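A, B and C are the chain letters, set down in written order, and residue numbers restart from 1 in every chain.
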Amino acid sequence: MILIVKIFVLCGFPMGFDNTQKSMNKEESMKKVFVLLSVVVIAMGGLFANGAQEQENASQEKSALRMSWWGGDSRHKATLDAIAKYQEKYPNVSISGEYSGWDGYYQKLVTQLAGGTSADVMQVSPEWLDELMSKGNVFAEIDKNLVDTSKFDKRLLDEDCSYEGKLVSMPNGISTQCMIIDRGLLQRSGINPDTVWDWDKIISMGKKVHETDPSCYFNGSDPETFRYFFELYMAQIAGGIIDDDKTIMCTKDQLVQAFTYFKQWFDLGIVEPFAQTSLYYMKWDQNPTWINGKSATAFCWTAIINMAGKKDMDVARLPIMENAVDTGVRMLPAQLFAVNANSKHKQEAFKFMNYLYNDPDATSILGICRGIPANSNALDQLSREGKVDPVYSKATKIGLSVVGKKRSSWQLNTQVMQAMQDVIDEFAFGKLTSEQAADKFLTNLQNVLAEI
Amino acid sequence: MNKKHVVVSKAISYFLLIFLALVMLYPLLWMAGGALKSNNEIFGSINLLPKNPVFSAFQEGWGGSGQVSFGRFLANTFALVIPTVLFTVVSSVLVGYGFARFDFPFKRMIFTIMLSTMMLPATVVIIPRYIFFSRLGWLDTYLPFIVPAALGCYPFFTYLMVQFFRGLPMELDESAKMDGCNSAVILVRILLPLCKSAIFSVIIFQFVWTWNDFFNVLIYISSVIKYPVALGLRLSIDIVSSNVHWNSLLALSLVSIIPPVVLFFSAQKYFIEGIATTGMKN
Amino acid sequence: MKNKRRKGYAGYLYILPWVIGFFTLQLVPLINSFAYSFTSFSILGSPEFIGLENYRKIFTTDPDFLQSLAVTFRYVVMAVPVKLLFALLVALILNQEIKGIGLFRTLYYLPSILGGSVAISVLWKFLFMKDGIVNRFLSLLHLVPLDWLGNPRLSIWTIGLVTVWQFGSSMILFLAGLKQIPKVLYEAARIDGAGSMRIFWKITLPELTPILLFNLVMQTINAFQDFTPAFIITQGGPMKSTYLYGLMLYNQGFKYFKMGYASALSWVLFIIILFFTGLSLKSSSSWVHYGDTL
């Protein structure tokens, strides 16, 4: 509408002027322009303000909840179906889903939290919980009267869903760590696919993959998952890299030992060179080497094991050395749901959460779209319904059997991870010797830790 | 100038054009080929053409994600882009005219300020702007795109208009003034028709840029039902990307560039060739 | 030369939309961000004043700052001139009577229309990875295949190629500029017996200089802030060899929450860009030829 006004102003004005150009003087015409422009501007303001007002009114009629999550098509469909079912049961509540892919979700979440516009129920990665809560109490404490938490493992709730002793989120699915293996490729390289791996075997047997076929590699890590192996190794020889007090737990010698060990991975072709894999940083499964079946193993969180289109896939335990200080294998909720501390509909939000976790209908509809449920009733139900993928099951069992202690959130801090990654990258490109890498590693960490 | 010379140089021109076009377009041809391949074949092989063309990618992808179809995403993008473009044109013409044809106190300083805002990295004003828009209740609407366009926040286009206006001889203004026209008439009746090429440039650029905007739509638009294509395309990419149908992604990417391409193809004749000889002869 | 412009306050009216927009959407946020640059602000909490600490860090201890600046300079120095060169050459060729000219123009503009799409990241990796298309062609021609994206010394040029590939917008502007050159000038020159090279250097090029300046300034400004190709294709790797300044800024602000530091970084970039733009504009009086005077 405003558009029409503006166009009219611009077109209509000169036409009127033609007839009276001799009688009007310049001052009057200036005033006309000014007045018309002001009218337009003010009208614009009015229109926009009006629009905003309409929006507010609309949301006050029913209870309207907003829920945000990330995922792929199957998760979106399942969640939307679960929402629809809830709305059937409780017609006075309407829930709108704001869903997207993983990429950019975190940035959007942070911006929304900063602007006070996040959804009422939010899907959150457990690794963000500490960072986000420490910057300002963004998630509401779970009201245990509305949400039944009895069927969840208490340790899980305390360690991964709480902040400073308060439960502020609920866990979706369990995820632990394992190795995906390509049985076919291993067999063709003369390796027994059922091997229980440790670090030495990776060297002595793993190198056969590359030796048999130089275009193949034992491990298909990108620089990030390579770092996971590094951290795993460090957890086993030193207990970890950074502990809960923000101090560095490992010594320089231990680091040198680790770097020297991993150098063999590059020298013997156990892992693909970084020059090729850094293109797929954080996306190892998009690497053509992996897709074409030329990597025999991959480090993976169990909740995201993907088997689509890959035959001969199986899972195995991650390498663990004898006398390991800690296995270094992590377990986390696959994701969390949390309620916005500033939500105007907390009660409704908690009720809805309770439905998602404890209602048999919801459990059935959601299935394992968010991983193997952390709620024991739900897990039982899904097993009875035959909806639990056997490979997921096996992977989860393997991982859970060797779970180590919880990793310090300082080691999971994004800046700390980047500091470690940078040194590992340089080492992998051959710019640093093991000694130099160990030194730089420690120095970088000390600098970053002093800052955060 | 002999005929042979002309023919040879023409031939060379054609050859260069075609060769360069092929080189530049190879990536796009690959995309088109990929849209017809099966998912695994895309990363698996190097060939341009699919072994067994699969046409399902388009259809699969069109269903969009969840309950919203790709057609909706396209419609949304139009709803976002068209007002933005229109307001950009109006605002940059008005403001450009002001700077090019008027003198007023502090003009140089103001002009310099306007130019320097072009150099402002967008990231630095994102958060304050976001908070401002949220207080106005404009989140999850297209207003954070339209209003800045109307208020001259695209100094690029204003500068473009200024430069074009300045390329038009003042004599035109002079003679119109002597006939008694005021500034608005001069703008609309005399100068604007000569600036068609510039205006169409503004339209095309702003259309394409807004059509492709990713980061801003990501932070301002949160309901799937309002997603433009930039977000709609990424919707299917999961953390576990092997669930992604790459062929659909490529197919839909191609579909999503059709409107800007069509606009460009049809508008270009007008704005580039129409300018010819109007008003230039003295 | 007499200034023929209208004097008085009329000009203010025309620039009114911009004035409003400037104050509310640019100046105020800008002042806010300047204030933030002296704080430690993690978005979720409130800003904490820390004086010049951010700037001290930028200029002394931050290893990424210098790296990123170097990478960005390389990118700008390569991408902008090459892009403009292609744009100009192609525009000149297309300015003749060519059949199918509309088609050609659209074809050359297509890459720009693709923008920052996800598809480009897939495309570029596919073209330039170790056994990608480019290397296969090179092998066919018995040339040495290179590690376009994996070699830290080559990667930034490969990223720069994305920008150069998208020279469409500059080309359009040159074309429009070429069309606006009064035909009368060409006719006069032909009558005087000038050859095509002379015509180019004495007439075409000088007439194009305002557009050239515009393109140069705008492309440089944008190139300094670019981050999309690095973000979608290499994420700054390998080993930060494609860590464009825009990407670093984005990481600091949205990955690490350090809005105060990110604001400081953006102000440093702002000053750098101002410097180069000022340089271009100042030099312009000696080589740019306008139809009026400022």
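By our rule, a residue touches a chain if its C-beta (ideal position, glycine included) is under 8 Å from a C-beta of that chain, and two chains touch if they have at least 3 such contacts.
Keep in mind that this is a model prediction, so the values were computed, not measured.
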What kind of graph do the touching chains make: line, ring, star, complete, other?
complete
Going by the touch criterion at the top, tell me which pair is linked by more C-beta contacts: B-C or A-B.
B-C
Find the chain most remote from subunit C, comparing centres computed as mean CA coordinates.
A
Counting only Cα atoms for the centres, state how far subunit A is from subunit B in Å.
33
Quick one: report the Å distance separating subunit B from subunit C, using the average Cα coordinate of each chain.
15
Shared interface positions of subunit A, touching two or more other chains:
30, 33, 107, 111, 114, 288
Quick one: which residues in subunit B touch 2 or more of the other chains?
43, 126-127, 147, 150, 183, 234, 237
Subunit C residues counted as touching two or more neighbouring chains
10, 13, 16-17, 20, 43
Subunit A partner, complex, touching residues on subunit C are 10, 13, 16-17, 20, 42-45, 61, 125, 129-130, 147, 149-152, 233-235, 237-240, 254-257
So in the complex, which bits of subunit A are touching subunit C?
30, 33-34, 37, 41, 106-107, 110-111, 113-114, 131-132, 135-136, 138, 223, 273-276, 278-279, 281-282, 288, 414-415, 422, 425-426, 429, 431, 447
Can you list the subunit B residues touching subunit A in their complex?
39-40, 43-44, 65-67, 83, 86-87, 90, 126-127, 130-131, 134, 136-139, 141, 143, 147, 150, 180-185, 188-189, 218-219, 222-224, 231, 234-244
As the complex stands, subunit A meets subunit B at residues 3, 6, 10-11, 13-14, 17, 21-22, 26, 29-30, 33, 44, 48-49, 51-53, 55-56, 66, 68, 70-77, 80, 96-104, 107-108, 111-112, 114-117, 119, 283, 285-286, 288, 291-292, 304, 306, 308-309
Any idea which subunit B residues touch subunit C in the complex?
10, 13-14, 16-17, 20-21, 24-28, 30-31, 43, 46, 91, 94-95, 97-99, 101-104, 107, 110, 113-129, 132, 147-148, 150-153, 156, 158-160, 163-164, 166-170, 173-174, 183, 197-198, 201, 204-205, 208-209, 211-212, 214, 230, 233-234, 237, 246, 249-250, 253, 256-257, 260-261, 264-265, 268-269, 271-273, 275-277, 280-282
